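Each of the two complexes below includes chain A, the first together with chain B, the second together with chain C.
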Partner chain A sequence: MSLELVVFAIASGLAIVSALAMVVVKTPVKSVISLVLTFFALAVLSVLLSAPFIAALQVIVYAGAILVLFLFVVMLLNLTQEAEGHDERPIQRLLGLVSVVALGGLLLGVTLKAGAPPVPAAGGPIANVKDEIPILGRLLFSDHLLAFEALSVLLLLAAVGALILSKRRFD
Partner chain B sequence: MSDATFIVVAAIAKILLIWAIALAALLPNLVWAERRGAGMIQDRPGPNRVGPFGLFQAVADVIKLFMKEDVTPTYVDRFIYNLAPWITMMPALVTFAVIPFGAPLDVTIGGVTRHVPLIIADVNIGILYIFAFASLGVYGIVLAGWSSNNKYSMMGGLRASAQIISYELSMGFAAASTFLVAGSLRLPAVVEWQQTHVWNVVPQFVGFLIFLIAVFAETNRLPFDLAEAEAELVAGFHTEYSAFKFGMFFMGEYANIIAASGLVVTLYFGGWSLPGVAFTGVWGALASIAVFFAKTLMFIALFIWVRWTLPRFRYDQLMDLGWKVLLPLSFFHLIVVAAFVAAK
Partner chain C sequence: MEGAAMNAVVPMTVPLNAYLAVGTILFVIGLAGALLKRNTLSIFLSIELMMNAVNLLVLAYARMRGDATGQMVVFFVIAIAAAEAAVGLAIFVALFRARRTIDVDRLSSLKW
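After this line comes the complex of A and B, so read on.
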């Protein structure tokens, strides 16, 4: 067994366990921590796929910024325990279960049918490149420029929308 | 010795060297320097009884922290409470992996000469790696505050999380300018550029100021130590910690100062290089290591100087400075630098 396989087993195991813990754990703060762990494990998987840039972004943006914000909100609202008592959303739970099973089955079926992934050709665009960041940057600002700009407008809209919603409540 | 063995041995040697200098030699003396410096600034002797000039005070303090009773309050969340101090230590320990600390060295063993760059891991993502771990370090403080189950600690943790998010952006944008001119995210490339051109602090003085202020905020040092703020929050996020666990927060703060000073030196003050000096051979490499740590020590001295000189910010002032002054300024700075790079 190669070292790579050992790291892969640990990282993917951690990702699955912490993702489950995120949903199952009763304390909201612990859910957030489990999600941080999940993102960290996914970043390790990205490194294994020779994409350290994606891994770094994953940790900086998700684990380092967005989830700190989550934690901040959870702590600010002082959510210590999930509300106990009777199940208020029985239909939603059932629908959720059905869609989880359907999506899982679909993914499993596709994965099993696809077989082993093709080995990338030796002369591909990313292969044997020492520094992949300039290539990524160039692609982002040439081939995918429209999608990139559309995304930034979408983010701006979300920010403005949040501002308007919160302002309306105070007025 | 095969290539693979050599790389592993060299990496372990470099890690041991950097930890020996930064953690074993600098860290304890830094605590002493801070207390003596505080004494000097406040016109009092400071700790001067243990050993010559009180130099062994740090040893005595560490022994005291080990020997004290470790009190765990009843209503804490045990798992997270015990985990938090370790998270605080982590970023400082891993940051040095991508900072070049000396001139490259040629080593000859058994007739084979190999080029050894004095950096533990020369990865493409360089600075992003540091930012990634620095942004995880905040969890130590936030979780310590939350798990203590104490309203003062909680306030400290909340403040820390908001503060670090606010200043992370300015820090990133200021640092990005140095990478724009160097044309790579690798820290050795930034040092090389400064070696052949000019130290970044000259053309990017504004960027340097933004970065320095943000670093003070990110390391939770005065005037930005609102997570502790003993006048209002007892001791903030580590009120409930004692003995060795408190010592870890304490050491973590100083380890972070060392790492942050090393980063400032690398980005803005030429790292291990000196203008007009070529470091070659073993002695050259040793001299460059000495230069790097001498520069780092200057910034550590600045950290101490500022702490005992400036009063603490009020919280709204802190947020105003971060979002309304530093962030727009760092955007503007980045655009100006980018324009210059594009014009060339």
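After this line comes the complex of A and C, so read on.
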């Protein structure tokens, strides 16, 4: 058994267990923390898939920025516990569970059956970080330049929108 | 595989199907959270998890094909998720200030 396989097994096991914990746990703070764990495990998987740049982005942007934002909101709204009391919509929840299990089985079956299409050997895998960053940079500023510019406008709009939404007064 | 391997597809040690299975399982867990949780914030967290599961699938296929464009797609998804989180959380804060709750069962004014 190679080292890569061992790391893959540990990281994917951690990702799945902490994702399950995120859904099962009732306290929002614990949910966010276990999602941070999932994202770290996913970053490890990204490194295994020879995408170290994406792994760094995952840790910095997702675990570092987005989930900290979530934590701030959890504390700001003082969400200690999910609303207790009896479930008002038991039938809908049961139907939701059934559809999740059905769709999950279907998706798993289809993706595993689809599996690997015949490989058109286009280029090679990106070998290491030193080679990867120039390739990604060139792609970003040539083929995807328009999308990149649109993205910067979108981020600006999101920042302005968030500001306006949170400044609005409610009577 | 240093340097010389740039133009040849190096076989993956971990089979592609293993990554596909992990990504799909994570996606389904996220879907379960989005459908079954009652706290709006937890639903939002589950949606983030679903996006990351799809990111993993895209990365796995990008690795298999040896094509960096897949990484570009993931890059854009992460950036858009950041924008979405900012606006979504601002909406939750505004919602909480107006209604004093973010429990989905209590927020039914948009219901037909």
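Note that the second predicted complex is superposed on the first by the 136 of 171 C-alpha atoms of A that agree within 3 Å, B and C clash if a C-alpha of one lies under 4 Å from a C-alpha of the other, contacts with A are read in each partner's own complex, and residues count from 1 in each chain.
Keep in mind that, in the parts below, a residue touches a chain if its C-beta (ideal position, glycine included) is under 8 Å from a C-beta of that chain, and two chains touch if they have at least 3 such contacts.
None of these values were measured; they are calculated from a predicted model.
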Chain B versus chain C as contact partner of A:42, first or second or both or neither: second
Contacts of A:65 with chain B and chain C, given as first, second, both or neither: both
Partner chain(s) touched by A:57 [first = chain B, second = chain C, both, neither]: both
If touched residues of chain A are counted for chain B and for chain C, the larger one: C
A:111 touches, of chain B and chain C: first, second, both or neither? second
First (chain B), second (chain C), both or neither touched by A:145: neither
Chain B versus chain C as contact partner of A:75, first or second or both or neither: first
Touched partner set for A:6, first chain B, second chain C, both or neither: neither
Partner chain(s) touched by A:98 [first = chain B, second = chain C, both, neither]: neither
Residues of chain A at both interfaces, chain B in one complex, chain C in the other: 53, 57, 65, 69, 76, 131-132
Residues of chain B touching chain A in the complex: 77, 80, 123-125, 128-129, 131-136, 138-139, 142-143, 145-146, 154, 157-158, 161-162, 164-165, 168, 184-185
Chain B contact footprint on chain A (complex, rising order): 27, 29-30, 33, 36, 40, 43, 52-53, 55-57, 59-60, 63-65, 68-69, 71-72, 75-76, 130-133
Chain C - residues contacting chain A, complex: 1-3, 5-10, 13-14, 16-33, 35-39, 41-42, 44-46, 48-49, 52, 55-57, 59-60, 62-69, 71-72, 74-76, 78-87, 89-94, 96-98, 101-103, 105-106
Residues of chain A that touch chain C when the two form their complex: 2, 4-5, 8, 12, 15-16, 19-20, 22-23, 28, 31-32, 35, 38-39, 42, 45-46, 48-51, 53-54, 57-58, 61-62, 65-66, 69-70, 73-74, 76-77, 79, 82-83, 88-89, 93, 96-97, 99-100, 103-104, 107-108, 111-112, 115-116, 119-128, 131-132, 135-136, 139-140, 143-144, 147, 151, 154-155, 157-159, 161-163, 165-166, 168, 170
